[in-house]
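First chain A sits with chain B, and in the next complex the same chain sits with chain C.
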Partner chain A sequence: MKSSNTFLRYVSRGLVYLLAILMALWVLLPIYLIGVAAFSEQLAVYKYPRPFFPSPFSTETMVFFLKSTGVAASVRSSVVVALITLSLSTLIGAPAGYAIARFVFRGRETFRLLVVSTRAFPIVILSIPLAVSFIEWGMYDSVYSLALMHTALALPFTILITSSVFASVPRDLEEAAMTLGCSQLQAFVRVSLPLALPGLAAATLFTFVLSWNEVFAAVILTVRNRTLPALVLTVLDVSPLPYRFAGGFFMLAPSLIFMLFIRKYLFNLWGKVTK
Partner chain B sequence: MSTRRLQALTPYALLLPSVIFLLVFFAYPMVEAFTLAFRAEGGGWTLDNFQTMIRDVAFAPAFRTTLLLILIIIPVQFALALTMALLIQAKLKFSGLFLYIYAIPLGISELAAGIVWFAIFTERGYLNTVLTALGILDKPFIFLSYQNTGWLLFAVVLAEAWRATSIVMVILVAGLQSIPNEFLEAADVFGATLWDKVWRVILPLLRPSLQVALILRTILAFQVFAVALAVAGRGITLLAAEAYRWYNTYRDPNVAAAFAALIMVLSIVSTILYLWGLRTPEEQTL
Partner chain C sequence: MKQKRLWAGLSTLILITGLLLSACQPTTVTVTVEVTKQVPVEVETIIEVTSTPVNYGNLVWLSTQLRPVQEAEKVRGVILADFPGTVEFIPEDEGPFHDRIAAEVQTGQGTVDVLGALHGNFSTMAPAGQLQDLTALRESLADRGIPDAFWNVAQLNTEQTYYVPWMQATYIIAANKAALEYLPSGADPNALTYEQYAQWAKNVFDATGEAKFGFPAGEQGLLHRFFQGFLVPSFSGGVVTTFAGADAAAGWQWLVDMWPYVHPQSTTYNFMQEPLLSEEVWVAWDHTARLKDAFEARPDDFVALPVPAGPKGRAFMPVIAGLAIPVTSNNVAGAEALIRYMTEPNTQINTLREVGFFPVVAVDYPGFVSPGVKLEGEAVTLQAASPDALPALLPQGLGGKGGDFNKVFRDTFTLIVLNGEDIQTVLAGQKPILQAIMDETGAPCWSPDPDSGGQACQVQ
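Up next is the complex of A and B:
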């Protein structure tokens, strides 16, 4: 009786693992397949039946994509926009995150609620009026104005993640530093900031990915200074298959690395339920 | 000014930049979207932009497909996400690795996800390769053809389910973590099966998280467009794709803004429906 019970438990445990692995394959297999397409020779992309391994492994398709007209410039634009976005949103958002974590003040909950509700950023709704405004203000088709838009998109995330990061730094340490003669600012710079640094780094990485991936605002707000997703989207229906596959892989590759560093902080971003 | 006064003002000073930024780049364009949508060409107010929007041949299909996609994708996503979240919480070995893998699509753009599934579904793609190798097909089937709206939709559904399940999973895991272990242990004591535990204990306690995830996913689903463009080209059209087309191809920001205003109204209505439909029992008695 007892042994059949343990046997059953082993079987059900095995099934749970099987399910976990199947779910992992559901995520990984499509990434693997686009990787195969991106790292095969260009002609292999047209081959049928389609090989499931890059045979032979080749960077020809990736090189062809990266050397295509406009790609290098658009990658540069993407990186510039993402870097401005992460600097601006950290500069503007981290103080707000700190305020929420450290101070008790009237309006704190209202502000938090406001920030939480802007997480579902209606980018489609905001891009079109902003484009019209940017034209009026003479700021249209520039990586800087796109970065402003992306900063607005990233700001709620930065505020939420930094506030949870600062909240996790014990307040006592800051107070101890202040009894030892530090001003509040010094206590922050010397004690809280170094401890919060890994979390802040995760927040900036998340912001980078957000901006790197964003396509609707990018394609509405730029014309000649396209970011990579905006460029790929606009030439999609006239581009050859190797271009698309290499482009697809190139755009998703950063996520593979970034998620490794961010995953611990994901729950701070999305976990806090307002109620 | 006294130092105490200064102390009291510090948090507001820290918030000020964020508030100003959100006012200029969030509140102002939100209002401006409606202004644009109701603005006539020569100045003055009009409903013409909305009439142009509704009369457009692409409007009805875009509207229908957007709603249909949401109705199909959301249950699929929530089933997948709940499975993943329960697996993460099942204290498996390598659960850190599983969490990482399940979270990867969170960092993948709509466009890249669309291209990935295009590579699978295209005529000489991986799906046809597998199906012919298995002998199910004797020659490649053209899934992504304008005549096969069903297959186009199916491919977009898979791409969206693949890409956007992660975010729901993360919200649900966080919700599961807040369920006290005693509740589940109590259920065990009474001999509840896993099925009972999910339906009678976990899901009811997960309601706040489910509500947040549903609102978020639905609002974001109204804005989907690049996935459909990458997978189906012009074979499928969505509201956001029409907004993009009216702005970029027809150069008519006013009609594009009308689409944006419609998307906003739909987002607000669905949020209210979720808040009302998933209110807690205490709220229901009120």
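Up next is the complex of A and C:
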């Protein structure tokens, strides 16, 4: 009786692992194949069945893609826009998130709903009015104004995530600090902030990735100063397969690296949110 | 502890960002080198042409054409190399292209100086007052030998000329040489009929057990052009007027009979050069620009053939791209100079050689174009010069309804060929939808439909 129980447990655990492996392969295999194709000779991309290793190994397509006009500048624009977005949305979003988490005020739920509802608005129909306003304000075609737009897009996420992060930091600790002589600000800086830091870091990196991948506003608000997705996605869908693999891999790689770093904090964050 | 690790993680991130940025530095250096390289070339050309050096300054050229990354690089590095001015060539999707110009015209502040797009794009922009009248420029280009038919189209049914024809392309057949031995006996590959084309597909299927003919029926594929410019006019002699007639039905029946020998993956194909290169497909119909890679990569393995002919002739659709100037252009003199430069015979040959679009001006085809382009060029010439040639123009005057017009043909295809529904019933069902589009836009008939005297084209 007991042994059959253990057996069943092994089987069910085995099945869980199998499922996990299948799910991992589901995601990783295409990424791997994109990588192989990005570093293969151009004609090898058309071979079927797909070769599992880049043979012969070639960086020709990748180098052509990286050297093509605008890629280097657009990578720089993308990083600049993402960093500004990250800073601005944290500076504005974190206090808002803290307020929602800590203070009970009239219309708190409505405020929370309003914040989310901005994301439900289809931004595509805004395209011409958005461009018109930016031209009229003299802010058109600049990475700094694009960063403002991205901040607006990222704020709902930042506010909601940071509010759950602060909500997970027990209020008692802050109060305890205040009984020991801290002012409210000091209690926040010395107690709440350090505890919330991993979650905040995850939220900011999430904002970074969001800005890094944003296409629509980047395309309509810039002409000559394009971010990488705006530059790449307008040309890749009509480019031959080898360039699509090279461009796709180049877009994927930074996000993957970021994910590697924030993975632990993301788990941390989601774990707290679901609690 | 946790914090330390976090800071370590963050600082590594910053390091990687820094590395990424610094990795881009050498590329910047290369760009500068290219610029200095261009300078002597400019000086040489200017000295040959005029005695005083001219510089047309900075220009921004927005284009829905030549968007593929390698084609855009050819435009910047080769085709524009001799132009006395600095041109930023910016490829853009159709949606943002229209939105941007609309916004710039609305505010009266432009960043874009020159536009490159298809006839269909300009036909919606001119009525919105976004394009300058280029009649004077047209007169100065009289010696280029651009066909009157193209100029007439560029007038967009007005007295003014809104764009200058820039380059043309069309659709042809690409065939793997392995397929040639299965041609029906007595068939001339350069003068096939639709009957022979279907028989050829069947022969290949019978011999190899595989359906190796392909069509670009994917979401981004251009199959609707096959119906509008090839199949329907070849069988019925018209596009809109004959849409629901018995002759058009015979064309659709041909496709139904042919479909078992067409590769089942066809509904996912967007560019036929890819399945051709992977040899999943041996014979395919597509746009010359979307077959070019196959001919360029393996010119010895492929042949380019004119499209088949039906009972009413060898219908084919020439695609005309043009250059225009938005009303908000900041550098009209430079823009006009660029248009003049792009229509010079030398530039037109360069355009053909580098990106595979065919000249709109009278040029002698030189021997130095690459084997792949030469293959395509010969097929295009053969097709246009064939005794039964029947040019069927791109839909005109539909404005924003172009997509709906295409959908009628795609839907007809889906219902008849993929769902196997009765041809006459489907055509009768689509007829009022097509008529509604024509009535709403008031679009007059275009070639090869007979002239409707300025009235909306009527489905018979």
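Some observations on this one:
In this text, the second predicted complex is superposed on the first by the 203 of 275 C-alpha atoms of A that agree within 3 Å, B and C clash if a C-alpha of one lies under 4 Å from a C-alpha of the other, contacts with A are read in each partner's own complex, and residues count from 1 in each chain.
Here is the rule we go by: a contact is a pair of C-beta atoms (placed from the backbone, for glycine too) under 8 Å apart; a residue touches a chain by one contact, two chains touch by 3 or more.
Remember, predicted model here, so these are calculated numbers, not experimental data.
When the two complexes are overlaid on their common chain A, residue A:V235 makes contact with chain C while staying clear of chain B. Legend: residue contacts after superposition of the two complexes on their common chain; A:R224 is shown touching chain C, with no touch to chain B.
Of the two partner chains, both chain B and chain C are touched by A:F258. Contacts of A:I123 after superposition: chain B is touched, whereas chain C is not reached. The larger set of touched chain A residues comes from B, when the choice is between chain B and chain C.
Of the two partner chains placed by the overlay, only chain C lies in contact with A:R76; chain B stays clear of it. By the touch criterion defined above, A:S68 reaches chain C but does not reach chain B.
In the superposed pair of complexes, A:L15 makes contact with neither chain B nor chain C. When the two complexes are overlaid on their common chain A, residue A:F245 makes contact with chain B while staying clear of chain C.
Contact with chain B, but none with chain C, is seen for A:F103 once the two complexes are overlaid on the shared chain.
Residues 46-48, 127-128, 131-132, 219-220, 236-237, 241, 247, 254, 258 of chain A lie at the contact with chain B in one complex and at the contact with chain C in the other. In the complex of the two chains, the chain A residues touching chain C come out as 42-43, 46-48, 64-69, 71-73, 75-76, 79, 127-128, 131-132, 135-136, 140-141, 194, 197-198, 201, 219-220, 223-224, 234-241, 243, 247, 254, 257-258, 261, 265.
By the touch criterion stated above, chain C contacts chain A in their complex at residues 2-3, 6, 9-10, 12-13, 16-17, 20-21, 24, 27-28, 30-31, 60, 62, 67-70, 72-73, 76, 88-93, 95-96, 99-100, 102-104, 106-107, 109, 111-112, 220, 271, 273-274, 277-278, 280, 293, 297.
The touching residues of chain B, when paired with chain A in their complex, are 8, 10-12, 14-15, 17-19, 21-22, 25-26, 28-30, 32-33, 35-36, 80, 83-84, 87, 90, 92, 96, 98-113, 115-120, 122, 124-126, 128-129, 132-133, 140, 162, 167, 170-171, 173-175, 177-178, 208-209, 212, 215-216, 219-220, 222-223, 225-226, 229-230, 233-234, 240, 243-244, 247-248, 253, 256-257, 260-261, 263-264, 267. Residues 16-17, 19-20, 23-24, 26-28, 30-31, 33-34, 37, 46-50, 52, 91-93, 95-96, 98-99, 102-103, 105, 108, 111, 114-115, 118-133, 148-149, 151-152, 155, 159, 209, 212-216, 219-220, 229, 232-233, 236-237, 241, 244-245, 247-249, 251-252, 254-256, 258-260, 262-263, 266-267, 269-275 of chain A touch chain B in their complex.
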